[in-house]
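What follows is a pair of complexes built around chain A, which joins chain B in one and chain C in the other.
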Partner chain A sequence: MVDPVRRWTEGELSLEAHDGPGELRLVWRGRSADREPGKFLVPALTASVEESGRRGVRLCLDFSALEYMNSSTFTPVVKAIDLARRRGVAIALEYSQAKKWQALSFSALRTFETADGRVAVLGR
Partner chain B sequence: MLEKCGLPPDESDSLAMVAQELLENAVKYGAPGAEEIVLSLRVEERGVVVEVKSRVGGDESNVRAFGGAMQRIRDSSDSFGAYVERLQQAARRPYSGGSELGLARIAYEGRCALEFRVDSGYLAVSAVYKR
Partner chain C sequence: MLGVVVVPLFLILDWVALPAPVFERFLWVRAILTAALALQLVLIRLTPPSRLSVLHGYTFNLLVGTATSWMTAQLGGFDSPYYMGLNLVVAANLLLPWRPLHAGLNSLLTVLVYVVVNAILGGPFHGAVLLNNLFFLGAAAVTAILTARVRFRLVEREHAARTGLLEANAALQRSRAELKRARDALWGEMEVAKRIQTSLLPEDRRAGLYQVAARMVPAAEVGGDYYDIVDAGDGQHWIAIGDVSGHGVEAGLVMMMTQTSILSLVRERPSRTPAEVFRQVNGVLWQNMGRMRADRYMTLNVVRLEADGLTMAGKHQDVLVWRRGQGVEAIANEGSWIGLVADPGPRVRDSFIPLGPGDLALFFTDGATEARNGRGELYGEERLAASLAQVAGLPLEDALGVLFADIGAFRRGEPEDDVTLLLVRRLAEARATRGDAARVEIATA
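Our next item is the complex of A and B:
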């Protein structure tokens, strides 16, 4: 039986890719506190943007279960947004409004939202 | 530890983030192989001071570059705007170590004022949180 969930794990952080209706959902779990998280995240996020583009689905980065991310983690994330935008791939960032640090961190990322909704930052 | 000092959970989480960002800065930009990095925390009635002290890495230009980054953050009257500006720059630039995102995040999310001093080859960076 094929496991429909693909996982990337590095240290305390794991990403799980779930295929959903009209989207590829990348669920972030644990803590992202590596000094150079780009080494791990850039390949995973680039592959996810490319896969979403091939399948014509939205890429959803789901941070709601994440416990912590350092500032170095934001760079690969905003670069993935930029890559998706340039490739014409719709991308959404979901976070938990119940977690104060997430509400603060992700409110700043709203600067990347587009009027057509192709880049969206959504508090749940 | 912070909650044991009487700080509410939200403030504790925020200051833990501040401490982590300062420590990461010290590891990234401090002297390679430095034997110690000192983290101190002072809880006062009117605020909290988080300080990280480490041996200066590289030459004088490193300290000047760090001082410039600190000054840019301190000069900004809008910590949210400064943080957003650095996020936008990070999205456009090739990867590099000097995004200043950590310092801007301390100012915005941590609601801290930043200070630093260089003394006898050591750099001490403080984040001052007013309650």
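Our next item is the complex of A and C:
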């Protein structure tokens, strides 16, 4: 994987943006346990959606390396999905099926999936 | 005070420099003058400061200036060097905290008294000497005026700074008082919200063929945990459990809207399936949260208690099911959360968990599994399942007590999130029809 082109860090959580073939991959690492994570995440995710839109690539939110995120963290993620849908930006959420909490939580977001694959929730 | 001390002190000079008859007259003058100044000092001490306080300055100079001028006249008028004492009288303006205008007028008054008294009583004089004397008195007056000007500016600035500081302090006190009132009001509202939240939670009860017991331990602020046990009529019983994302009054409101919606729907038509109820509730919540502009969602399981198991819909935590001889099984549920989309459609389906007589199901919220110990480790589903296996034979209230105690012993400090546990035990059918839940629990132990 190429070096991250951009990195956001807040407390124990960091987001690394990587340029991949036809996609902007945002890798989540660490733990997200802040009570109001939106203050940090919404600007970062909004910027990533907008960048993906400008470049015409898919935005992939990769949670598979993430250790833990609380329920409040899902709100900015849902907002990012909604923003991507409105902007016509393809977005994918990747999570680890081997991690129980990820399988439990992210499978609920499959309700956003679209038949054309513009919104995808993928368990690896 | 200075006058009361200095005026009699000059008698030493008079005693040395003046002939005895003159000294005797001056002695009386200085005594009367000192008495007058002492009286003025008493008046100053007894009266509060006011705009008229400047009159004390004029009175002092008039008294001392007149006495000194008279004594000068007694010693030769304008030609006498005794006028030097008047420079001290003019210099007294340096000590008075007043405007330069008053310093100027007071100095002029002193000089006028000197000129008038000595012109009348002083006798012949040399013009050059008078000019010299007036020059020195004028210089002393100018010095007094300039000093008063500088001093008054400094006093004025200091006063303005002090006034500003006092006003800022008063504003700060007002802000603190308002903040305290707002905080008290907010805490009052939070307490009301928390009381409403917990008062909506039902008592433990028998629900048809099932015994149900639940308990919620709320976090410090209003949380979003929700559970309910509903007698829908027609022999139908429902339970529900969920967790609104985030905390605070808004999360509590979403929880209350969910409770009201579910209660209304299942009582209106008990034959509805859990998936139908979930979709209806989602529609209501989606609309209301949009109106509230609330970025919330909610994990929710809606469960109908059937004769041989649980029919459920929605997406929440796993359900831990203890079966005799089989241990604990974690059963995942698929679906959607409340409030993610306007209509989750076919993703929300009914699923069925079979339960035999004596089987026990545990529903919980993430406050239980995400409790952390001192090393930052999560309590986790595995520990909860192991704990459930230990208490499966106990009466439900006792089982809840042990489960909460185990979580509490693991967790460091107070709970950061609501913790809700809901136990559902299927009773032995034959005994259940007699409504004897307690004996059934003993039989399953």
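The working rule: the second predicted complex is superposed on the first by the 120 of 124 C-alpha atoms of A that agree within 3 Å, B and C clash if a C-alpha of one lies under 4 Å from a C-alpha of the other, contacts with A are read in each partner's own complex, and residues count from 1 in each chain.
The rule is simple: contacts are C-beta pairs under 8 Å (C-beta built on N, C-alpha and C of every residue); 3 or more make two chains touch, one makes a residue touch a chain.
As the structure is a prediction and not an experimental result, all values here were calculated from the model.
*Asks:* Could you classify chain B and chain C on chain A, in the superposed arrangement, as clash or fit?
*Replies:* They clash.
*Asks:* So, A:T111: does it touch chain B (first), chain C (second), both, or neither?
*Replies:* Touch status of A:T111: both partners.
*Asks:* Touching A:R35, do we find chain B (first), chain C (second), both, or neither?
*Replies:* A:R35: touches chain B and chain C.
*Asks:* Touching A:T75, do we find chain B (first), chain C (second), both, or neither?
*Replies:* both
*Asks:* Of the listed stretches 183-191, 201-209 or 435-443, mark the one in chain C with C-alpha atoms clashing against chain B.
*Replies:* Only 183-191 shows clashing C-alpha atoms.
*Asks:* Under the contact rule defined above, give the chain A residues that sit at the interface with chain B and also at the interface with chain C.
*Replies:* On chain A, the overlap between the chain B and chain C contacts is residues 35, 38, 68, 70-72, 74-75, 78-79, 100, 104, 108-109, 111-112.
*Asks:* Which chain A residues qualify as touching chain B in the complex?
*Replies:* Touch residues, chain A against chain B: 33, 35, 38, 68, 70-72, 74-75, 78-79, 81-82, 100-101, 104-105, 108-109, 111-112.
*Asks:* Write out the stretch or stretches of chain A touching chain C in their complex.
*Replies:* Listed in rising order, the residues of chain A that touch chain C are 35, 38, 68, 70-72, 74-75, 78-79, 100, 103-104, 107-112.
*Asks:* Given the complex with chain A, which residues does chain C contribute to the contact?
*Replies:* Where chain C meets chain A, its residues are 243, 245-247, 295-297, 299, 315, 317-318, 332, 334-337, 340-341, 344, 347, 366, 370, 378, 381.
*Asks:* State the interface residues of chain B toward chain A in the complex, per the touch definition above.
*Replies:* It is residues 10, 13-14, 17, 20-21, 24, 27-28, 80, 83-84, 87-88, 90-92, 95, 99, 101-102, 104-105, 108-109 of chain B that touch chain A.
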